[in-house]
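Please find one structure pasted underneath; my questions will follow.
Lettered A, B, C and D in written order, each chain numbered from 1.
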Amino acid sequence: MIRKLQVGVSGLGRMGARHALHFLERTPRAELVAAFDPDPKAVAWAQQRLAPYGTKIYTDFEEFLKHPGLEAVVVAGITTQHAAQTIRAIESEKHVLCEKPLSTSLAICEDVLRVARTKPHLKVLCGFSRRFDASYRDAATRIQNGDIGRPSILRSQTCDKHRNDDYFVQYAKFSGGIFVDANIHDIDLALWYFGQDSIVKSVTAVGINARLADLKKYGDVDNGIAVVEFYGNKIAYFYSSRMMAAGQTDTTEIIGTHGKIVVNGNPQNNLVELHEGNGIRREVPQTYYDRFEHAFVTESNEFTEAVLDDKALPFGLQGAIQAVRIGGAMTKSLRTGRKIEFNEIGEEVGQEVKARL
Amino acid sequence: MIRKLQVGVSGLGRMGARHALHFLERTPRAELVAAFDPDPKAVAWAQQRLAPYGTKIYTDFEEFLKHPGLEAVVVAGITTQHAAQTIRAIESEKHVLCEKPLSTSLAICEDVLRVARTKPHLKVLCGFSRRFDASYRDAATRIQNGDIGRPSILRSQTCDKHRNDDYFVQYAKFSGGIFVDANIHDIDLALWYFGQDSIVKSVTAVGINARLADLKKYGDVDNGIAVVEFYGNKIAYFYSSRMMAAGQTDTTEIIGTHGKIVVNGNPQNNLVELHEGNGIRREVPQTYYDRFEHAFVTESNEFTEAVLDDKALPFGLQGAIQAVRIGGAMTKSLRTGRKIEFNEIGEEVGQEVKARL
Amino acid sequence: MIRKLQVGVSGLGRMGARHALHFLERTPRAELVAAFDPDPKAVAWAQQRLAPYGTKIYTDFEEFLKHPGLEAVVVAGITTQHAAQTIRAIESEKHVLCEKPLSTSLAICEDVLRVARTKPHLKVLCGFSRRFDASYRDAATRIQNGDIGRPSILRSQTCDKHRNDDYFVQYAKFSGGIFVDANIHDIDLALWYFGQDSIVKSVTAVGINARLADLKKYGDVDNGIAVVEFYGNKIAYFYSSRMMAAGQTDTTEIIGTHGKIVVNGNPQNNLVELHEGNGIRREVPQTYYDRFEHAFVTESNEFTEAVLDDKALPFGLQGAIQAVRIGGAMTKSLRTGRKIEFNEIGEEVGQEVKARL
Amino acid sequence: MIRKLQVGVSGLGRMGARHALHFLERTPRAELVAAFDPDPKAVAWAQQRLAPYGTKIYTDFEEFLKHPGLEAVVVAGITTQHAAQTIRAIESEKHVLCEKPLSTSLAICEDVLRVARTKPHLKVLCGFSRRFDASYRDAATRIQNGDIGRPSILRSQTCDKHRNDDYFVQYAKFSGGIFVDANIHDIDLALWYFGQDSIVKSVTAVGINARLADLKKYGDVDNGIAVVEFYGNKIAYFYSSRMMAAGQTDTTEIIGTHGKIVVNGNPQNNLVELHEGNGIRREVPQTYYDRFEHAFVTESNEFTEAVLDDKALPFGLQGAIQAVRIGGAMTKSLRTGRKIEFNEIGEEVGQEVKARL
């Protein structure tokens, strides 16, 4: 009989519950044996939805880690717990799939990396969902084939649909700001397509509060634009927003010396077009998950396969940390109004130097 | 100084007024010297809009034809006058640009052709506007280049936006029916792309009255579908409608053995897309003229050029008549419920046999 | 613990193998306990790919049916076996998901229906995959909501990519012809959107052999067009082809009195667009399965759910048979060159008269 | 008889020749009475193409200005002559349509403005062609109607097709750099849609030389990105390029608090789509003129109408100068590597102040 990876999910909030179901129902080579969440509401859901399949529900993280036979842990709870849980899981000899970001703090990210390096036999994956999306992968293959020449300019945006409630304001308390929360994906794409070892030369970010004035309390904006220069003649520029009217509109363009690839230039929910009295209309995905559901499922399956077959993960932890580092520089640029510059070994150029300019 | 073609327009209704303005303002090598319409309203318009540029306005067609120096006539009044005026103009030694159709009667069309052949030095053009449209021409060039192999299947539709008034019902009195009025363009495209000398093998047409029950009085329908087999392994199929919600949607596909060309698969009014709360929307042209305005202007200019430089017209009168013939067979098929068949020399077959049914 | 439906798949050819994998890996509430195929190659594949998960492999259909605990059978082998196996499975008290068509013979289809009616407690589903496609379902919901008024005209096509081998010719031996094989899906859509109880008034079909002359041996064509009138002012028209250059292009339009819905008007493989020296390009699905993979998986899951929870299937067997009936009339029209007519109770009319022609 | 504006065109290079033809053939209310160019090749062209219509050809600018009855001058020669000729024409009591930019020097632009203000009865228009484009105007109307709420973010790009010759390098000698040459249009759009009196808060620009290393000699880049903050919570960001593979791709998005408008999100040359072995392809305009030809013709006509009927021009000279100012700040930011900041009355914040940060 086939061996199935024994997986546990920590955190059964919106994304955690989805991860649990992906491993429960859509990852043939995995078995969801355990789930952890201290919240009674989450536990109730899990008792009804997961337990009938044999998944054991825990309200204590350390107990959860001790679940007999548990091999891999999905860390999917609140962002502020990501790093600590990932570290504990690694220490407990578990493979880890951690939702992005590892942490909004670069120092903490580096702690995780340090711990992970002590256990090179364990697979530790930071869940950049777009890395598993068929269209982004198609783009990557073409770029690697040289179809567009040398990638030179990247434009990428992560734009959420406007919400009438205060979700985004509440969320801003711990999200790390729009650049670290939303554009982190776009930064990761830049590193993927430009080369994982690309070195940042400068970061400039600006933003506004167009609809959500309360975000200011947390130093956050509802629309942000950032430009990142890389050494070696490469520039990425980014847009993020919390106020799209139509829905989730995450578009990426990679412009090479000999061609351009666009991913999701025309967002669409499905293949339906409506001819109505005022024109032709199509609907678009309403949420990030609507757009990337299949990518998340692929992520579950490939993480499982990497562990079971001891295959290399599609990308390393180091890159995830580099993305947080760039996102942090964007946030700093936004808040200080300054262009943040780096030397060729990646160190931020000091303020004294700038004062001399 | 440059010589300008001395042009007169007969009929200043909706399309006629447009033709007049095209020759007045958008045909550099032509001069609109005369215009004819018996209707006082049209005359008033012409006095205000055309006369200040020196155009002489007539209410008598024969007087109009005698306008000093008049070289070419645009016949653009009501359909039932097309043939008679065209014939008179030819007899008066004028070049003629006649709006389609020459006539809804095949016999009358053939009369025009006979007269035209007596004066081969005169240019007589039947205005199939799509022949002058940049996109349809691009398609023609590619087909002639062999880009899609041997053209085999053609799908084409002419679909008007629904109107809340009784325009289409009134119009049906003299339009010749939806197949002769609307699909005549599509039939002409089939002849263009399949070859002007294509021979029809069979015609089948059906239709319904979905919104305009009163069309029945005139043997007409508001939605029609027709299939035309040609000898030599070619089939064209057509759709026409008077009830499009969004606007004018005239789409054509030419399918060859090695590729396909689509013209106007995604109708659009301009290059604007609107992201709104319920999705992404674009508007579409509201009328036939909105879609083909530039084609009509090209038609004026090329007709002028053909006369002045004694160049061949882009297509002959014979083809226009063949289109009416096919459109008439569609109407007959619709009304009789029969498939109309033709032998390889283009004669309708089996009438006696069928008469027994 | 959750109860899982005990499923067996009969036939492990191209589609059968896919069905097997869908039930094995992508249908959480089902367990693939058995598989049948007499072909050693298929058996070898199954031993390697299915057996490790505990699926028992059979080479005898009757033995397969006797697999302990087997509850449901997927009939996915060659078309000519569909009906016989479905009937045997029903007789053995199994629920059945049968690939379309039940049979290319209307009489045999009716046999299946008769047997199925003797066991109303069993779920018998004919796999019209488009019924499970998210976009087609979205269209259905909108139509049922009245968004386009009264559905009046339906255009639908099923068009395969050209193949350089003789696959389609070989396939034609038992496929029942292009109308029954390919357009059967489109016919089913017409019945879905116009109403399952729609009564056919006439059927006219024509076709050509543009690239595959050898299809003629089997009375088949590589491009077919058919028009179906329904009583009650509804018309559906269809196109099918085996020679698309770009890939699978299955498009449907439903035109109502007050709006139009297009499904897959712009085929695309994913969300990538390529800007190249000669323009902007997107790729399209290469096969039917590429386009409808997710629909097949949904089918597996909903069939499973219907059986386990004793829910109604999304559509009945009767409709599948009506589709075969219409497809058969198309084929007859193609081969006889006649328009086939039906009276208001669905009987073909005028056969004697027509026979004299 | 109708009065026609007596127009002369100065400069018969690529764009000048087009302007001459637009006034000659496509501006019904204007008459091209004179043309000036010192270059023998241009003169030869004009003798052949313009003179037969009665246009007098000059090789001396002052003589040209004295052409009897000349009322309006189109300044369309090399950029470095724009301002001087415009000033001389104004001094000679001519209305002026000047190609953009007035000058790449802000001080010279202001000189023109000063002179123009001494003759308020003369119409002086700086030719921002996009202001006359139907799609951009449609966007403007919708924004003014409040359809997207408060415009907050604007993204706009002007991207030329790559050329294999050294045209862009030669051109860089006097173009003022990519931001002033190409993005000037996008800056103008930002001022149009955000409000002509918008005050810049900061400008940051970066760029690379991806294919045209020789541009460096002129302080220019072949790909530039700039971000412009405006006071009042508005941000515009821009991209310009000289290396597009497919053709001219000028796209603009205006994002408001309640909606988004995209202009030319899917560049296309016409309404033709090609289904080929490797997918579905459409071609795109190859040059700026291919995209904006109709806008240029509208410009000629509206300039003519404004003069003849003493109507207000669609936008003032002041805005053209503001655009040059912002373009200049971008170039400065690119060359210094600094973010350029402005106070609320539009003065650049001094370097000393920055040093204190």
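Methods note: contacts are C-beta pairs under 8 Å (C-beta built on N, C-alpha and C of every residue); 3 or more make two chains touch, one makes a residue touch a chain.
Treat the numbers as computed from the prediction; the structure is a model and nothing was measured.
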Worksheet item: In terms of CA centroid distance, which chain is the most far removed from chain B?
Response: A
Worksheet item: Quick check: more C-beta contact pairs in A-C or C-D?
Response: A-C
Fill in: Centroid spacing, where centroids are CA-atom means, of chain A and chain C in whole angstrom
40
Practice prompt. Would you kindly tell me how far, in whole Å, the mean C-alpha position of chain D lies from that of chain C?
Written response: 57
Worksheet item: Among the residues of chain D, which ones contact at least 2 other chains?
Response: 244-246, 258-260, 265-266, 275-277
Worksheet, complete the sentence: Within the complex, chain C is touched by chain B residues 148, 150, 152-153, 155, 202, 204, 206-211, 223, 225, 227, 229, 233-235, 237, 239, 241, 243-246, 255, 257-260, 265-266, 337-339, 350, 353, 356-357
Worksheet item: Which bits of chain A are touching chain B when the two form their complex?
Response: 244-247, 249, 266-269, 275-284
Fill in: Residues of chain B defined as touching chain D within the complex
1-2, 24-26, 28, 52-54, 134-135, 138-139, 142, 147, 259-265, 270-277
